[in-house]
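A, B and C label the chains in the order they appear, each numbered from 1.
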Amino acid sequence: MNAPVSTATLEVASTAQTPARGSAAKPMIRVSGVTKRFGDHEVLQGISFDVQEGEVVVLIGPSGSGKSTLLRCINFLEEFQSGEIHVDGEPVGYADGIRKRQSEADIARLRTKAGMVFQNYNLFPHKTAIENIMMGPVLVNGENKSQARAHALELLAKVGLKEKADHYPSQLSGGQQQRVAIARALAMRPKVMLFDEVTSALDPELVEEVLKALRDLSKEGMTMIIVTHEMQFACDVADRLLFFYEGSIVEDGPPKEVFANPKTERFRAFVKRYRSGSQS
Amino acid sequence: MSSIATMLNTVSGWLPAFSDGFLVTLALVGMCLPFAFVCGMLLVMVRLSRPMVVWAPTYAVIEFLRNVPTFLLILVVYYGAPLLGSRLDGLYCGALAIAVQHTAYLAEVFRGGVAAVAKTQWDAGRAIGLKPASVFFRVILPQAMLKVLPAIGNQVVVLIKDTSLVAGIGVVDLTLSGKLVMERTAASYEVFILVAAFYLALTTVTSSVFHWLELHARKRS
Amino acid sequence: MDIATQNLGYLLKAALVTLQMAVATVVFSFLVGTALGVVAALGGSLARRLLMAYVFVVRGVPVLVLIFIAFFGLPRLGIEAPNYIAATIALVIYFAAFVTDIVRGSILAVPRTTVEAGKAIGLRRGQILLHIQLPLGIRLALPPLVTTASIAVKSTSYAAIVGVWELTYASREVVERTLAAFEIFFAVMLIYFCICYPISLFASYLQRRSTFA
């Protein structure tokens, strides 16, 4: 019934890091029973999964399946109607066990634990690249400017843009802006990085520079949740693949396993559509 | 309760005087608006002409008219007309001044609309063999008007409000009739609250008409 | 033009009064309007509805009627103010409404995604307002605000109708005395033009620049 999906065109890397299975380590992220509705439409239907420290989890699935929404729930840019989310042991959005909304101060503080990079970069247009990166540390952590600037320069060097420090976003290409956005998120020293389709808005030739930055980050042991359409990249870098379909997770496992033993017809259909798309 | 009754009584006593003033205001709008619209259209075509000897002085005149106070223009016509030998009534002095200034305002609004139409539309028009004049009237202008419909609506509201300035030269429009009622009766500034309400009604109806036009136009395009 | 130059001193003194009124109007209406605009954009629904009602009413009424209300109303409220104060108060109330609407629109025009980026790095609401929404909103608001300032300068001339001695009133005085309507009024229009035209050029310049930033 569920024949293994041919992995001929999609090469599953064997160099992906394997998480510490079965360890008693508390998960970096715990999502339990999260439901979200937009009006009548239930966009997330009781989502539950854990992410261990250092794990790279990639969310894939058709548009509208809820993957971006789930990502935005993790740093509480979206509210959710039921369930709980814990980041680094602390509950997000609502106090532990009860449905009481956290204070604005707490929500803001918890957001610093998860760095987010958006599809459309969302850099502050009136600040230079380095000022964009410095804003969080200076305004939220109260760091002094020279300290923050030094750290920001390090991060810019890390994403390969040190010489663009004093450029404005309008003077940078899409790929460069996205790398600045990554540096900006890293400036807050988050425990986990959230990537929401970060290459979807880029011209094809600019995609690789951003994916490289993501690969480098994963090699350093950053906990990452990535929503993407780049299937080859997903298989390369993911420790685990979560396939979303209409608000539920229908496949969950290392890329090799998921492709070898897909549990659902939907996933096979999804990959088939993708493979035929990439072949044409 | 009786105070409300007395209030309604007094207000209804004012209404005849107001209705005359209101008619004067409407007459002003009725005279100035079509004039400004038609002449503004003609003026913008001159403004958009190629030769500099044509558009440069036009630009100067438009900018001059747009950057002087309306009341001052009214005074120019009011005091200047007798010097030129005409015995123009205050009402027509005001009408002329307002009409001329709003011609300039509307010409600029139209120009903005034409500028906002993509240059490629010109190419498209020429490509199907239309002459430049036809391209302008059949392709560019309709699109320009659609784009600036909200701005035109805004200008009409401004024109309605500008008519109140004829009160400064003694023309009994809605605003001045308010002052007269105030002087005749024991009432005070409250009269002008009613005057304001009349204007508000007029401008609201105008805005609504233009909103409807915008919706209707958007549906068609 | 002799008549114009003879009376130039008188007219320039009056022009100074006009400038003072214009500056007072612009400064106060912009301060009040900006504050109200921020509240209208980010405040609670009650504040927003009240402010939108204020904007709607004031913008639908001629500024002259507001000047009359202030002129005749203030004494009734027990405030004995000279006529130029009443006129300025009316002008401030009138133009603050325009500024409120412009500032409100500009703050709301700052993309939600940019605000979200601020939230994502842990900024509080107040910090987002101060460091993201206001700087970006003001940039958007500047061209229409400058245009409003130019209109405000021209509107000071309507104070002449309630007897405020400023440039338009003074020019009328001179014309009635000398009957040299065209020379005097042309000179006066030139004075207004020299104040307002640069302002409108500045507004166009800002408009062009804002499409790049």
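Observations on the model:
Note that in this section contacts are C-beta pairs under 8 Å (C-beta built on N, C-alpha and C of every residue); 3 or more make two chains touch, one makes a residue touch a chain.
Given the structure is predicted, the values throughout are model-derived calculations rather than measurements.
Under the contact definition, chain A and chain B share the contacting chains C.
Centroid analysis (C-alpha atoms only) places B farthest from chain A. Once CA atoms are averaged chain by chain and compared with the all-protein CA average, the nearest chain turns out to be C. Chain A and chain B have centres, each the mean of its CA atoms, that are 56 Å apart. Our note on geometry: chain B versus chain C, Cα centroid distance of 20 Å, whole angstroms. The centroid of the Cα atoms in chain A and the matching centroid in chain C are 48 Å apart. Residues of chain C that touch chain A in their complex: 111, 113-114, 116-125, 127, 131-132, 135-136, 139, 212-213. Chain C contributes residues 57, 59-66, 68-69, 71-73, 76, 150, 154-158, 160-161, 168, 171-172, 175-176, 179, 181-182, 185, 188-189, 192-193, 196-197, 200 to its touches with chain B in the complex. Chain B meets chain C in the complex at residues 63-64, 66-73, 75-76, 79-80, 83, 157, 161-165, 167-168, 175, 178-179, 182, 188-189, 192-193, 195-196, 199-200, 203-204, 207. Contacts from chain A toward chain C in the complex involve residues 75, 77, 104-105, 108-109, 111-112, 115-116, 118, 120, 122-126, 135-136, 139-140, 170, 181, 184-185, 187-188.
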